[in-house]
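Below, each structure is written out as structure tokens.
Each of the next two complexes has subunit A plus one other chain: subunit B in the first, subunit C in the second.
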Partner chain A sequence: MEKEKLKPESEKTLRERFGAGFLRRLWALSYKESLQTLRDPSSILVAFILPVLLIFIFGFAINLDSTRIRMGLVMEDMGPEAQRFAASLQGSPYLSIVRGTRKEMEQAVMEEKVRGFIVIMHDFSRKLDRPGEMAAMQVITDGTEPNIAVFVENYSRGAWQTWLGQRALARGEKMPPDIQLEPRYWFNPAAESRNYIIPGSITIIMTVVGALFTSLVVAREWERGTMEALLATPVTRTELLLSKLLPYYVLGISSLLLCVAVATFILKVPFRGSIPMLLVVSTFFLFSALGLGLLLSTLLRNQFNAAQAALNAGFLPAMMLSGFIYEISSMPHLLQYITCLLPARYFVTSIQTLFQAGDIHRLLWRDVFFLMLSSAFFIGLTAYHTKRRLDD
Partner chain B sequence: MSAQKVVITLDKVVKEFPDPADKGKTKAALHEITAKVRTGVITGLVGPDGAGKTTMIRLMGGLLEATKGTVRVLDMDPIKDSSGLRQAIGYMPQKFGLYEDLSVQENLNLYADLRGVLGKEREESFGRLLEFTSLQRFTDRRAGRLSGGMKQKLGLACALLGQPKVLLLDEPGVGVDPISRRELWKMVEDLAKSGLAVLWSTAYLDEAELCDEVLLLNEGKLLFDGSPKELTGRVKERCMHIRNIEGNRRQLLTRALNRPEVMDGVIQGRNVRILLKEGAKKPDLAELEAGPKAELASVTPHFEDGFIDILGGGPGGHSVLAEQLEALPLDGAVVIEAEHLTKKFGDFTATDDVTFKVTRGEIFGLLGPNGAGKSTTFKMMCGLLTPTSGTAKVTGYDLKRSASKARQQLGYMAQKFSLYSTLSVRQNLNFFSGVYGLYGAKQKKTVEEMIDVFGLKPFLEAAPDTLPLGYRQRLALACAVMHEPAILFLDEPTSGVDPVTRREFWTHINGIVEKGVTVMVTTHFMDEAEYCDRIGLVSQGQLIATGTPDDLKEMAATKENEDPTMEDAFISLVQQHAEKTKGAAKAKE
Partner chain C sequence: MFHRIYTLIIKELQTLLRDPEGRRFLILPVLMQLCLFPFVTMEVKHNTLGIMNQDDGPLSVELIQRFATAKAFENVVSIKSEAELKETVEMQKALLVLRFPSDFSRALESGKSPVLQVILDGRRSTTGQIAMGYVADILQAYSLERAEALVPGATGASPLRTSLVVRHWFNPNLDFTWYILPSLVAIITTIGALIVTSLSIAREREQGTFDQLLVSPLTPGMIMLGKAIPALIISMSQASIILLAAIFVYRVPFSGNLFLMYGSMFFYMVSLVGFGLFISSICSSQQQAFLGTFSFMMPAMLLSGYSAPIDNMPQWLQTITWFNPLRHFIVISKDVFLKNIDFFTVLEHVWPLWVIAAITLTGASIIFRFRLG
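This part shows the complex of A and B:
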């Protein structure tokens, strides 16, 4: 009877491996993993405190709408028309106007006290009164910050157009024959950048949380010598790998739901998609982030190195190349192709869609498809590198 | 006892690894090993660190694949039949393989689940193993908070789940104090008697002596296979004590080791123990200047003598290092002084009112079980910890007030290898000499001397952690003595080092001490305690006895055991103290 028990590939062992034994061992390992995580205060910090903190930082600190830009105003013409135009500039909610001479303004731009200045030329009123001649206004901006410079230009132009229109109306004249532009922003009527920054930031948070967690877990086993003891038990590669994924998947999804809740209920970002769709998209994104962390941990076998690598390989590309802040279509072509390899790119579009537009199935399922591919890639590669022996 | 069965066979097994020093090439960790392991006995896998013990155990456990040769365990191929084999073996790795952030019970649950120990069998196993390991009271305690000995017991309990037929234990005695080691040994002995095959690997040669059979490994080669008695039999009648020595026993040892007929020698308390070459006549005591009353007496050979014999003798008694040092006057001054030293961590008193003095040119050893507070005391004496109360003085400087002045006077060799692995050997020497304030021509000269003395020339550009263990040890010692400190602190300096390297190390220490340097040392090796002039025995934070090694042995002598070994003395004194405190606590109640 004893001999039978020891038979290497007897039916009993096979059944043990793929039947009840599989689930039992997987459960035991996952339970162990969860206990370890829950007992480590830093994991609660990473899973719940850090995401909420980040979401507030992204929600408030990164604001792509520029309100009340400081502008200089140089009046070379003191005529009544010029005065009226100046008054209308000062009334704009987007600009904060400081008056001074050209010299003072040049100095102020240099010292970054103003972002640019508008010069109302000396013949402004005169030219304005003569039909057929164009009145001139000069706008000078600080080109070292192109983004702001463009804002300054657009706001000045806008202010000028509005003023001309109102002036014409007041004089009972017809508007100059110009095309009237009436922009309407779909999905985000007020064009509030927070509405797309916050969903985008959830991508960054999930990348960091997912990859950081798993980057530690395999390396920890190697560092503490517990891996060797595990390898000497009947644990299989699949069980080992799954036990490293599932607990952190649950943690990651909880963290995601917390982020979404904070975004919608506290920061009042509208969420127009459905929860099931959110879960589907996030699941596959999370698996690729977890897979990335696990791969690094498996290859490096050192917690410190793996965590560093996970932050760099996860956070930086997700921040720069996912289209979260920088528009992908305005990147150089080579970079655009590279972004196609980033799971974060697909998650950014899908989560922004879910928040602002709703369940746009064609778009979302395309993203899900790519996220599935990348999950399979990272987890597959990790499985390939997961050793069942110390020397293979 | 059931009939002994061979359950593990190794036939011309070779294991090669990529050579870290020479890319693309391989280096053999095991050379054509042929060996057997039987049920019912403890087979000792004995050898110094780096001998190939762990590699051999991992081959048997199916964690490594042999490059050549065959390994059979329970009639299975450890690689091809790995799933079957893993059910049938219990494996305990060298590093504590359990989860420190899980409790004792949670660790047991995990391993029971992994090994498929379920239902009624599970409860029975838990009960039996917890009782067996006396861990019943600690089931809720986190494994990380167990003492070294209890951790190993828990490791053993986890390895025993599922009733394995073969137990592979990789250095279970490391970091475990003698008392826990004896307990652990007793447990394993019972298991072997019940019919298990037990492989116990160890670098402690005194452990080897207790094994039923021994496989002696050195540098990947099997030097000996048989019972320890057979090995000690080879050196029978060749082991001698020189007793009733007059004068300096360290100098006598040096003279003895320089004699052609003496193969090896060590200090044992007030005696010098020597091993003669095969067929050599006894040394002339008058020539050795051992004193008029000195006499030679045969003593029982130990396993270590046999090992040294196979290796062809010890390193000789000459320390080139000591020659380089300037002699300090042996003025009998007190250079290390602890007065009512106390250290508390929260409610826990790690060191409790410890007082002792060490005079110039003495070797003072701190001995004690794990967690007794010897490391804490040691760290306070070299200024790494600040005492809660009391004073620690080194060459008259209070470490609390003038720590940097005091530190200039002392050299420190840490238990863990504490050199920079990203710096080369030469850069390490330059760095440490610089840190201790050597510069210019003097620094250069000292570094060159150290390279010369310790034979480090071939390794100058190598990273320290690629050096053979013995050389690493030498490098660490070199870094600690370059600034010619008056006092040397050694924290378990020779853990895991082979006996020959250890002898060489002690030759240097003996030489240094002769030059008036004072040495304070902590150790787990009882034979190292014998080198000390005086020993302080620490238990439960208190200094429970001080005296020469022979004083301590006398204190522990009983009618049944008139001539106790150092280990006997250690164990009985610690236990006496534990009973006394227990009694006092009861009386209080």
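This part shows the complex of A and C:
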């Protein structure tokens, strides 16, 4: 009778003791981890200086709005129409024109001095006046950079059309009616690429910062032999795992918020979302980024390899496959499915949406759902591989 | 002396290649990236086009059929209401939406110029702009055809008696893989070269074997050389794999000179190893070395001209990019590959690499000696 009475009570105290111990141990371990991190000056560099530096670089370096393209002009014919065309070309705000001979321009293309050139053929004026003959202008582009080649083609075509219009007007001819396009950019009326590049870059920066932090921490303990000491203590797997996640989460979310602040207040990218939504999305993104690093670190137990793996699994895929610069829907279908496995992909759309469009709840919660899945996946797998014994 | 360096190189290669996991990390990421990244392009392909047709005339239907067959658009979704339009754009279900006004066919038939509204997603305006370019091309071709059909010979007698002939040199079909693969030769190997040099010294420092090296008859210069050469061997083999895959798997025509390619690649790797040694000379743990490597590598990739043209950067930043070895080597790799540039043109891009390597290598050796003394 007495035993039966005592049992639930002792069980309760055990649970209480376990609960208290859990928090105490978790606190102690997290405190140790934070001290270890903050003692190393390079952590501050990674958490606060590197992200700000990178966001500035992204903000200034990645400008996809074509500004001015250097282009050559070869005038083999100096007739009045050719001159007029040259004027229309030089009037284009997108082109800076260098004149020269065909030979010079060919050399300039080789040396990357111009992105292409236009040749007005020597018989241009003559053919223009003679009915039944085509007066041709040649546009040569440097196809080794296809993107710029397309711009060169489009700008030349634009200048050519301006010239055609002026010519038709001067001669009193009527152009066939054309269909005018009136673009409307939602969320980003001036269509400035930096407005979505800078928010997107926060994803890349945080993928890297997250992976940098956690990819080394467990491997370091194994390498230095301190893991053995830790395993000799009553610490549980959950406590160990959480103590490796929480301090870096705090550091990560502060550096993420710092990035958002820099983007909004210094780089002047409009932020239209709400702070709570930003926190929810960022939290789950950070957990998946930190989880990935921790998984690699746990699996590899070797800082050198974990560092390489984190670099390869984190930075380059986030840069190339997250849809931040390169549109996912233009990729082959198989590759599109592969991008679904990347947490960065969901965070890119959600942070771009938060910055530019505001809280579009359906889109954001969909992304949160996928980010939750991937954090659960990475952290769960890490827990599965976290060993409590040395001999396995 | 050569024998000593030789033994150090052998030892270094053994450390790097001894365990299967380490070997895997030198080769697997390269292969993986080689499989995935060539398909990542700025072209706009198989996207979704939204159509909001408020016009009941025949011309809009005719045009929509033309859009549906364009390479840029695989799916065409029809949008009925403003609410549906909002949903489509907000949830990114279509790259752009064309709205035909109710008087579209009538205006066009009566010889006026109707306005077609294009709604683009500002979160990906660059892609949208490219797609809008395709739309404009289709519209222009359509207008010309109509003009020709209405008044036969009209275009022959009018201003259109000129033509603009466009030729894309070195890459006639503007195939993006021709641009990506030569650049990947430079980008992917950068990681290998930097990590191998900067982390391997930090690892020796952490494990205490660096002191053993110092008490051996090797001079600091020899130690640096012994660290540099294995990194060169490994990163140049990685580059060769990518080069071979580019030529034989992806069929990018290699029109240049292999000797020029490898010669300039050698100097590129030397300049990278210079950075790696410099980073490892100031770092005392692997973590610091890793962070240092990263703080160099990310800006180097962003400022290389691969993702965004250097011409678009502000002038002061363009000046900084001069000290980025990747910027120079990407141009060399691409231009030797496709343009077959001659020795002197290569030299113009290579000499900055010499300057960079000289600065970083001297810096690294000064700091090494300083920390030893």
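For this structure, a couple of remarks:
The working rule: the second predicted complex is superposed on the first by the 333 of 392 C-alpha atoms of A that agree within 3 Å, B and C clash if a C-alpha of one lies under 4 Å from a C-alpha of the other, contacts with A are read in each partner's own complex, and residues count from 1 in each chain.
One rule holds for everything that comes next: contacts are C-beta pairs under 8 Å (C-beta built on N, C-alpha and C of every residue); 3 or more make two chains touch, one makes a residue touch a chain.
If you're wondering where the values come from, they're calculated on a predicted model, not measured in any experiment.
Contact with subunit C, but none with subunit B, is seen for A:302 once the two complexes are overlaid on the shared chain.
Once chain A of one complex is fitted onto chain A of the other, the partner contacts of A:363 are limited to subunit C, with no touch recorded for subunit B.
Between subunit B and subunit C, the partner in contact with more residues of subunit A is C.
In the superposition on chain A, A:150 contacts subunit C only, with no contact to subunit B.
In the superposition on chain A, contact of A:386 is made with neither subunit B nor subunit C.
In the superposition on chain A, A:264 contacts neither subunit B nor subunit C. Contacts of A:226 after superposition: subunit B is touched, whereas subunit C is not reached. Residue contacts after overlaying the shared chain place A:188 against subunit C, while subunit B stays out of touching range.
Once chain A of one complex is fitted onto chain A of the other, the partner contacts of A:40 extend to both subunit B and subunit C.
The residues of subunit A shared by its contacts with subunit B and with subunit C are 40.
Interface of subunit C with subunit A (complex): residues 21-22, 25, 29, 32-33, 36-37, 39-48, 89-92, 95, 108, 111-130, 132-133, 135-136, 139-140, 142-144, 146-147, 150, 154-155, 157-172, 174-176, 178-179, 187, 191, 195, 199-200, 203, 206, 283, 285-288, 290-292, 294-295, 297-299, 301-303, 307-309, 311-314, 317, 331, 334-335, 338-339, 341-342, 345, 348.
Those residues of subunit A lying in contact with subunit C across their complex are 40, 42, 45-46, 50, 53-54, 57-58, 60-70, 109-112, 128, 131, 133-150, 153-154, 156-157, 160, 164, 167-168, 171, 173-189, 191-193, 195-196, 208, 212, 216, 220, 223, 300, 302-305, 307-309, 311-312, 315-317, 319-321, 323, 325-327, 329-332, 335, 338, 349, 352-353, 356-357, 360, 362-363.
Listing the residues of subunit B that touch subunit A in their complex gives 17, 58, 61-65, 74-76, 79-89, 91-102, 106, 109-111, 113-116, 118, 155, 158, 165. Of all residues in subunit A, those touching subunit B in their complex are 5-10, 13, 16-17, 21, 24-25, 27-29, 31-32, 35-36, 39-40, 224-226, 228-235, 388-392.
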